[in-house]
């Protein structure tokens, strides 16, 4: 039955790839093929089923925010992390400066660009980007993850808005590390090259309380998993998080590279690749597929 | 064990009643005794345990927003309701006008005052306030719910800010009913007199997919319950919703009368009365008790 | 030469009446004829020259803000007045609520709706609307000024946005008078029926330091005139005040009824009637004429 | 009489230097002596009178905005300049990002940091910083103006907020020049070392329609002078421009180095040095002196 639902979801998704558009504000992302589509489900019993392009590599973009956030929680603990970044949904677009400026408050949460930069400001003084690649490989069960240098270069060359955010954070004391070093770290994390399958694997680890169900290795502390999943639920889908919570009802995070990761507590991880995005920056076919899967398999957290 | 945890939680809560303050912007609410405290748990097997003042009446205030919202969903369906109110957390205080003004957008969600007024604008043309009292009585399994006329009068006499919001909504076309009638309806709903036990009962119905487990009566459609619980999770605790989601992890809604309702999917409803509030308007001892209960009984949705 | 420039300006203006649109948010104003145009200049030597419809009556609308402000300054003195209203240009539209909400600050200045309502809140406890009509008649040298009851009724029936502003001001303590009484006072002031000639006369009084040059009667204190003229220069033309200051360079105030009043220090008052408005709410032909007159007669304050 | 008023004003100012504080966000500025005070008046008949430290050098800071703006107007003409910067007072603090972010609009005017950076973005592709020093020397009649390298270095090392603004402007297309080059140009301009006398001389040129009254040299086009004086009047004193317009009523511009320049049309230029600032960034003793001089000599533009 899982297989049938997956295939039906894929057909539904395929009809949607004609809508939306690939991200172009980073020129290198503009080269993606908007007809590409893949969905992969990894289950707690070791099964991995998929449809479409699940081995095709693409850059992780904002989904890296959950990796950085998890590393920071493990290394620094939640108290230290939440000194400089909040826990609240923002109601604004992911790259907004408004809230930062309005009052002297921390960035709203670690899923908006500003919050992720604060996290990278912490991390770039604690570990190297090679360490981070290592974390990504281990948690995604994917040894081939690497930094896509073309995307990295393209993003570094079009960084004015994020640079503005980072310098504003520095002027307010929320980044104390070197700003350019922080930005480079941040863009490197966005440029990690993954597949739908890598994301499904990471989703499964988050579904299984931080344990790899195949090996029983403890990869993440339960406290970290609880925090990451909760924040993904309330803040993971940009300013479409509320609508997504109603329609799909799973902790999820999307990236403008076309990826989405979803977590089905105790049972599965789902990875998506579909680079045609809606106006909020989420994979348009990806959301369609997740909504179908959630409904048919009755996965909604509050359903 | 449930009993022991409840009593321990109550002791923890008692230590907190010295902090915070009762709401005073509605003078009648200022008469509450800040040392009052009660917590009640209703379970799917018909058990109802409690500690403290669980029969003491207080006004429901913002918790009425979930009753109004549920009635609107049942009567109009989600599509019609969401034409005039959003699904997104706002990141602003409950009585903010900022977001409304910034762009021509609907109120962010039905849990902020503006959104609840839109709902009341719909409802006041569909049913009477007596009908609403009837819904409240049925869903809370409490025939003694009534409108507290003193609080109603006190709130009507101090309504400038809410009146400002309502007229702004009318000027933008999100309220088309008579504005004063809408406001009166809204304030009447806020003035419903309930107990911690009433709230626990309503929480249990929401935990049991809309069915009263004692009688198997279907009181709410499953779709309504799913939507209400999800919105409570992302938006139910004012601008402290994100922090509460991390610390407690249960769909909940608070009111400035000191009440909180929490929903433990499939198993229980929790009702709180504790009128000493934190700066965000949530019962300070109530949150303490819920956090304790959630941790000890392992109730966190993402834990 | 004054005559020739006036006629040339009128011709220039006539070409512009085809653009813009009459105000429609108050239905009664929508009945104006967008081709109407009149300009009148009153000089310190008692000359009064005009072109077009200078005797046609229209409602004063926002130009009443300078009359209310002047009365408040005369009755209460600047210190008291500026306790509740600021002196700063706002950079926002005339009916914005944003700035009010952002911080607990007074309305920016007495030329925005919010500021004028604060002034009316003061005045409605000090004098009757009949007293205000009397002030208007005396300062405009026009005994026929009256309150246009049709416009008054039409505006009262479409007052949601202004009502929102007034209740917000009340909730913040900047209006302490009865809100509905304040609003009625405010709308009555907006409904004063004037002519281009009335405005030219008032402009001349303001140009002559508060003295009627024909009779040498002192109608306004010099301090009041200085304050009113300065505020008109920095804040008089809605969010187009800065551009108008550059292009015309005269203290001026416009109203959505199509009127503009301009003050040429020491020498003349100019009154305009032209109900076709630009997007900022200023008479489109009126600005054209004023720019022409200012350039040809070299009237710019900083020219 | 001018001499007596100047000396009285100086005494008044001296009493105020105990209040306020020198700017410290640029560490090098923090070294100023808050008791320093100087005022210089240059008249159209070639007289130059002064009190206090009028030969002491300090950095021009934001007063450089009028020099950059004037050069841009002369080189590019107003149409080109106003394509990328507005003419409207902003009502916000000088270093605000809010308005920029709210909508896709240009910076409000050339007197806020964002607007001045747009101007520097134009200029840094048209001329060298040496050329700019040359303009400053010529217009201030002061051959000794130089760039204070200590202040320059100190400001470059504490530039996060301005860097945030510049990158945001670049991301929106209002700066197309290299951002770092633009910032360096901007900070160099802020670091010009002037005296109260230099500012009085520049004020006199602006008072005399761009002509040096001693030599009859035309240093600025009349159109440039008109625009600069008008913008100074409406936007020159940060978010205290409206209050200053009421109290002093002269086109003026202040800098956080403690300088103020004021223009008395047709008759004089006034230069101030007083590094103790009020909360809005204006010289506290400087405003006191200007208010006294304006009142005693009856200089208010609308008085």
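The letters A, B, C and D name the chains in turn, as written, and every chain counts its residues from 1.
Keep in mind that, in the parts below, contacts are C-beta pairs under 8 Å (C-beta built on N, C-alpha and C of every residue); 3 or more make two chains touch, one makes a residue touch a chain.
This one's a predicted model, so the numbers in the text were calculated from it and none came from an experiment.
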{"item": "From chain B, the most remote chain by mean C-alpha position", "value": "D"}
{"item": "Centre distance in Å when chain B and chain D are each reduced to the mean of their C-alpha atoms", "value": "55"}
{"item": "Distance from chain D to chain C - Cα centre to Cα centre, in angstrom", "value": "32"}
{"item": "Between chain A and chain D, centroid-to-centroid distance (C-alpha), Å", "value": "47"}
{"item": "Touching two or more other chains - residues of chain B", "value": "102"}
{"item": "All pairs of touching chains, each written as two labels joined by a dash", "value": "A-B, A-D, B-C, C-D"}
{"item": "Interface residues, chain B side, partner chain C - complex", "value": "96-98, 101-102, 159-161, 163-168, 170-171, 179"}
{"item": "Touch list for chain C against partner chain D, complex", "value": "86-92, 99, 108-109, 222, 225-227, 229-231, 233-235, 239-243, 245-246, 249, 251, 265, 300-303"}
